[in-house]
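Residue numbering begins at 1 within each chain, and the chains themselves are lettered A, B, C, D and E in the order written.
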Amino acid sequence: MRKYDYLIIGNSAAAVGCIEGIRSVDKKSTIAVISEEKHHVYSRALIPYYLEGKIDRDKMNYRPAGFYEQARVSLFINEKVNGIKYEENKVCLSSGEFIEYGKLLLATGGKPIIPPIKGLDKNNVFTFLSMDDVLKIEKALSSAKNAVVLGGGVIGLMAAEVLHKKGLNVHVLELADRVLAPVVDEHVSCIIEKAFNEQGASIHTSNTIQEIHGKENVESITLQDGTSIPCDLLIVGVGVSPRVELAEGTGMEVNRGIVVNKKMQTTVPGVFACGDCASIYDFILGENRPLPLWPNAYAGGRVAAFNMAGIEKEYTWGTSMNSMHFFDLNIINAGLNISYSNSEYEIIHTEDENKKTYRKFVLDKNGVLVGLILAGPIARAGIFLNLMRKNVDVRPFKEELLCENFGYASIPEELRWTLLKDDVILGVV
Amino acid sequence: MYSHLLPEFVVERREDRCIRCRACERQCPNGVHVYDSDLDTMFSLEENCVGCQRCAVICPTNALSVRHHPAEYRKNSSWTRDRFQNLKKQAETGGVVLTGSGNDKSYRIYWDHLVLNASQVTNPSIDPLREPMELKTFIGRKPDTLKINMEDGEPRVESELHPNLELETPIVFSAMSYGAISYRAYKSLARAAKESGTLFNTGEGGLPAEMRAEFGSNAVVQCASGRFGVDKDYLNSAAMLEIKIGQGAKPGIGGHLPGEKVAEHIAVTRMIPRGTDALSPAPQHDIYSIEDLSMLIYALKEATNYEKPVSVKVAAVHNVAAIASGIVRAGADIVAIDGLRGGTGAAPLATRDNVGIPMELALAAVDKRLRDEGIRNKCSILAASGIRCSSDVIKAIALGADAVYIGTAALVAMGCTLCQKCYTGKCAWGICTQDPYLVKRLNPEISTQRLVNLLSGWSHEIKEMLGGMGINAVESLRGNREHLRGIGLQEWELNTLGVKGAGE
Amino acid sequence: MIDNRKIESERFLPDKDIENCGLFGVMNTSGTRFGGEMAINAIKNMKVRGNGLGGGFAIYGLYPQYKDYYALHVMYENKNDEAKKNAEQFLHENFYVVYDEEIPTNPEVDVFCPPLVWRYFITPHKKEINGVSEDEYVISRVMDMNKYMQDVYVFSSGKDMGVFKGVGFPEEIADYFMLDKLYEGHIWTVHSRFPTNTPGWWGGAHPFSILDWTVVHNGEISSYGTNRRFLELHNFYCTLYTDTEVMAYAVDLLMRRQKLPIEVVSKIFAPPMWNSIKYMKEREKQLYTTLRMVYAPLLMNGPFTVVIANQEEMIGLTDRIRLRPITAGAKDDFVFLSSEEGAIRYVCPDLELAWTPPGGEPVVARLNSKDHLKSLNKSV
Amino acid sequence: MGKIQVKPEVCIGCHLCEIWCQVAHSKSKNIIKTFLYEKTIPMSRVVVEENLPLTFPMQCRHCQEPDCVSACISGALIKDSASGKVIHDPSKCVGCFSCVMACPYGNIFVNEKTREIVKCDLCEGLDEPYCVSHCPNEALVYVSDD
Amino acid sequence: MNELNLKFGFRDNFLEGVRQPEELEQFVKTCGQQAEIDAQNLRHKEINDLIRDTAKRQIKHIILRNVCGHRYIGTRLSNSEGETVKIDVYNYAGNDLGVFLDGHHINVYGNAQDGVGNTMNSGEIVVHGKAADVAAMSMRGGKVFIRDNVGYRAAIHMKEYKDKVPVLVIGGTAQDFFGEYMAGGKVILLGLNLKEGEMHRANYIGTGMHGGVIYLRGNVKDSQLGKEVGIRPLDEEDKEIVEKYVKEYCSHFNCDPGEILNSEFKKLLPVSSRPYGKIYAY
């Protein structure tokens, strides 16, 4: 029976984060990765770029070809894990082989949510999550003319933009009354919808598929409002749900995702989880939830790695955050998406319709930033996220936040140098 | 009032080199350079230019040159351009024309009419690179004789010596107050003095408390007419005390540090409220005569337990020799003479350019007078004003100085270009300003190094010249006018200087 | 050094002396004569105001037995006998010398280069006066001696008074001339010198005198050149280049020749500011305006305190903004003037009055009067 | 690897670090050519933060735990374990700007036109970063590890 | 002294003949915490040497007898431990009494000469008599009480700094240039010796004044004031200040504050903190 000091199930951002984390502190131990997919580690987030033709297949690779060798990682691809004997530190592969581990990381990711609509099993219906999905869509694209994207979230809209650029007629269906409702406010939704509409891609809000027509393939659909749309390509992009099957029924706590503490430990000793499969700590909410986002996955993997290697580190980094762009419009959001009607928070914003700029900041009662949306210029957005993470009371300089050239210079002296203390030499005079 | 003044400078920008980086714009405190984004062009508002050359130095492509403005009034030997401009300025304001830095008029610079000697054949010159060459100088009062006791056949000094200070090189930084110059400039002087084994002078701006422990032993603290920052601790923290009676750039007048320059730390150091004018009266109001000076000298000695030498600094004026004699007799250990070309942060132009006498003549007269009276050893002479290079130093020593004070030279080392606008508080080089944006231009690490380099460079040159004369200790040159000859000087000048003409 | 001083007239003034000092004067207004103890001790108390480069005394009521004769104290520098012969020949030619002797000195006292000092009691040959007053006659002869005679210098030339001075602290000079033992007078003024110039010359010490006027002075008169040139218009030739000399000549000019009272003379030397004159009553305004117009060249500018004396009076005066100190004191018939009050108290511990007159306000002590108290009312 | 340290107290706000950064990343590495003759002028990888009188330059800190690398979806940003540098591979970059969102210092710069990002590479191949060697007041210091 | 110096007469008039402290012991009489020094035959430096030595022996009350014009009394006392010494001066203090004084108390039973409290930092000087010129010159902190008059230029260039606000209270009147250049501090001129209807006689009061305040009891004409000062009535705060220091004055000199406080005071303030801001052509 093979034994590895560290065993990682899953092979995406979280896994890479974990490998790189371990190797930054521990060059010797053995690491193994079990991947269901047969591909070299690739970036799911690049799917739209690949489809658009912006990058080729090689560039989909998240790490260079020699990554595993260099990191001295034993890779089991195309291997599914059947089950885990946590009490014996053993993983059972579908081949029947057992692998023993010292520490285990569950990085099983998520799976696309398929709404309970009849006919979504037809041939030209695709999800938008995996390499396999992409390859299929790519094939279907050549003959497709009319695409319908189910879901007006990040995935759905990115897919829609690509398809539009590929020359297809695109309709986006969103059940909510606006797109991206969970991550941006009404105003930005409106800007985005306007952008799509201006480009000729239709967005249907408060709407979804009533009925799918066609035999083996979807041919057209009827919407709830009765509209009938021709469709020869249907993308389901309503979201992902954590893959928790390896945890369920084992006594490991699962709450939507696999529950981990700040050290990314599950409730089972020696077993860690991160990435889309986990329910992780959101420093804004102060509680756990699935945050199926690339940066969270990688960073979570890294934190898990340190703790697995015995170096205590807490993951207090994650929250909802997205960097998006639709057509020419850049949008970055982070933290809570609070609407103006909410009086518990102080909201400041600025807007210039001509320049298509919008900045909005949400302050809690302590003056700490808990949410932000930038549309248009997004330069130096990370500074805001840093202020959020550092729990800074921004009220003394809140007006400055709205300035496009906000920077550390805009922050009061003492705080500024505290935030920059590692890099700045003060007291030379 | 619409100004009739002509611009003083023209700013030339080579379009084939200007890359619109706008560094000039950002560096000019006078708003000369302005970028127009619509035209993507730099404009020059020449009328604001003071000729400080900051832009020319900072321009990464050497695209800028700043020259004198060619506009000319009708030629008139009496009414020079300067006279025109100053008169018009006064007609427009009704005020006193202020200026900064030292006298720039073409009074004879005697340094340039004195040449040094060197050994040939009859005695060997000395190579300072390989053989010992001593610049160590003690300043302070010396006794006329030592009382020596023989103890077990070994001589032992019985006499109590007056306090003296040891200088590694006979060059001392002259009084520039914190407030007149920026903290960084001030501290650079202190650091350089410490590193070079010499002294700096606080001027009358006090000595910041946080600098006392580290730099006190290199500090000359002034007690001047404003008595700013003067208390017991201040006096006792220093190596030497100096009573400032006068300043070469403005003999007989006081000074105003305008309230807007009195920032928090300056206020603390001067021990006055922030933002109030710091007025230095023309006289010290407890010194209206020589016996009063004596009273203050001994008051300072009393306050410091007779442990520190006391210097008295006077401007070189007509009867400076007599005054110096009085000063020594009043109990001073050091007489500092500041000549006609001494610098200043602010002085009325009329005073700066017309009052006082050149230091070379004053120094020679003072040295002679003190020797004639037999009291030369009762004091050291510090000569200040217009020392521009090592040969000036060595000539000053040959004329009788123990050491020299350098002010302008030190400022130039730090960046000053003698634009003479010190009084505006907008020094583009960050030296003579308290503007927090401008003061940053002086990186104390760099300016300290520049000053240290200057002293070391000059010291090397002095050694070379001393060696050339066959002298290996600077004290052998002090007052040794045999090693000087005058060129192009009249009889009375040679007499006053106490040197022979070249060839004599 | 003296040779250089014998310059006739110059387009350019050589450096004048700058000297600052301690001074003291004591007068008995009833004319009772007293010894030198007070003056000597007082000036000793202010030792740090001098530097040992000059000290001197003027004593009035000194020679009662010769009080009708001009008493000349003549110094022969370098003990030059030739000079003495010349001088005595000159004296005999111009005067009738009733008595002369060497001024006795104490050989025990170590002073620097003492000259020979001789005193002559003289009176002019009547026939030689030719319409010139005796005083003028004496002055002109004394000036001639001082101007033209090598190594000769006349310390004083008044009647019933004399000046003793030299290089050293005043108490050393007093010791040397044995002032405390040999002499009495009703006015003693004394000066302790702190010059920044001309060290080592006995003639340079104070008091300076002309006839029986003596002046001791502390300060530096910045208007020296102006004052001096004005005096030259009136045939006073300054040979000493001291402020004190100028002051003495000016006093002589205004008080003896022009007969102005000291109360007015003091306002010529130290006039009120135009700004004060502006607020005066019409008569005063006219007086001061006129004084300033006519006697502008005799405004003594710069810091000074003087004690001026003659047989009848002892006057203390400072410059108009009182840049130099003076304190007056009185007890019984004694009036004191001093740079420092301490000195007065040192010699008169039970002083009745002490006051500091304002700048330009004279303290005038007169024989048989209480005039000095006038200044008390204007003082603090 | 070295590290660029910043001395804000001596930054004079001339912005020449930005200029020289551009030169360093230009084709010719000649300042006049870069700005007057080359077709594309590179973006500066250093920015002078300004709030007068305060000014100080900022560029990539090459963090120990770089958030930009965590956020990078394409693997274009990696922390080079050998040199410690955070290296950006433009050929892999898709311009998602996740790094911009993540960088706590705001030191990844966006070229809005080309939708590319640039960041400090410590002037790969030069002895000392140009911003450091050309700072007229030594407000930038290159502290070499070795 | 060598021959050369004899010839030119170099004399160190302060230090020549000054005796070492150990030679001066007979002039000091110690009695417990108190010491008496007979200054009669002491030089300026000697008296300060003795004061310093005495204070070093933890004696906190020093009585000086037969002082007559001795200078710098109290100057050399340090105040490093914050311990202050009380010095009683009998007879007549000399120039620069308490120059640079730092925290100590000096009582003078007699008059004082020029420069009382010159550049004084803290402490207290009480003069039971009058003071001559430049009293409290450049004083930065502490208190000076003069029972009678002061001479010219009292409080010239007095300053203040943070919690240090110097106070000068004068019972009598003053001569010209009173408060010249004043940059801070509080000066109270009581004019107690003025007769009914008599004005203060000082001219040029507060010329160049640019800080601090003068409280003046008695009358002056506008023409006596420098153009840099203006007259204001006292507000409540002023009255409290005057009351406080007048009471202190009265406690030093045993007089009745009530009567003094009942009379009218004027407040003289600088009209500008920048009196010379506009005289220059830039």
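Methods note: a contact is a pair of C-beta atoms (placed from the backbone, for glycine too) under 8 Å apart; a residue touches a chain by one contact, two chains touch by 3 or more.
Computed from a prediction, not measured in an experiment: that's the story for all the values here.
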Contact steps required, at the very least, to link chain C with chain E come to 1
Shared touching partners of chain B and chain C are E
In terms of mean CA position, the chain most removed from chain E is A
One chain's C-alpha mean falls closest to the whole-protein C-alpha mean, and that chain is B
When centres are defined as mean Cα positions, the distance from chain A to chain D in whole Å is 28
When centres are defined as mean Cα positions, the distance from chain B to chain E in whole Å is 35
Chain B to chain D, mean C-alpha position gap in Å, rounds to 44
In whole angstrom, the CA-centroid distance of chain C from chain D equals 85
Multi-chain contacts in chain A, i.e. residues touching at least two other chains, fall at 428-429
Listed in rising order, chain B residues that touch 2 or more other chains are 294-295, 298, 329, 373, 443, 445
Within chain D, the set of residues that touch 2 or more other chains is 7, 9-10, 55
So, in the complex, the side of chain B touching chain D is made of residues 16-17, 19-23, 26-27, 58, 60-61, 430, 435-437, 440-443, 445-446
Listed in rising order, chain A residues that touch chain D in their complex are 17, 20, 23-24, 43, 45-46, 49, 54-55, 59, 61-64, 294-295, 298-299, 302, 317, 321-323, 325, 330, 332, 334, 377-383, 385-386, 389, 407-410, 413, 420, 422-429
Counting only contacts in the complex, chain B reaches chain E at residues 89-90, 92-98, 144-145, 226-227, 230-232, 235, 256, 258-259, 267, 271-273, 275-277, 279, 281, 285-286, 294-296, 298-299, 301-303, 305-306, 328-329, 331, 372-375, 378, 423-424
As the complex stands, chain D meets chain B at residues 7, 9-16, 19-20, 31-32, 34-36, 52-53, 55, 134, 136-139
Chain C partner, complex, touching residues on chain B are 288-292, 294-295, 298, 318-319, 322-323, 325-327, 329-330, 373
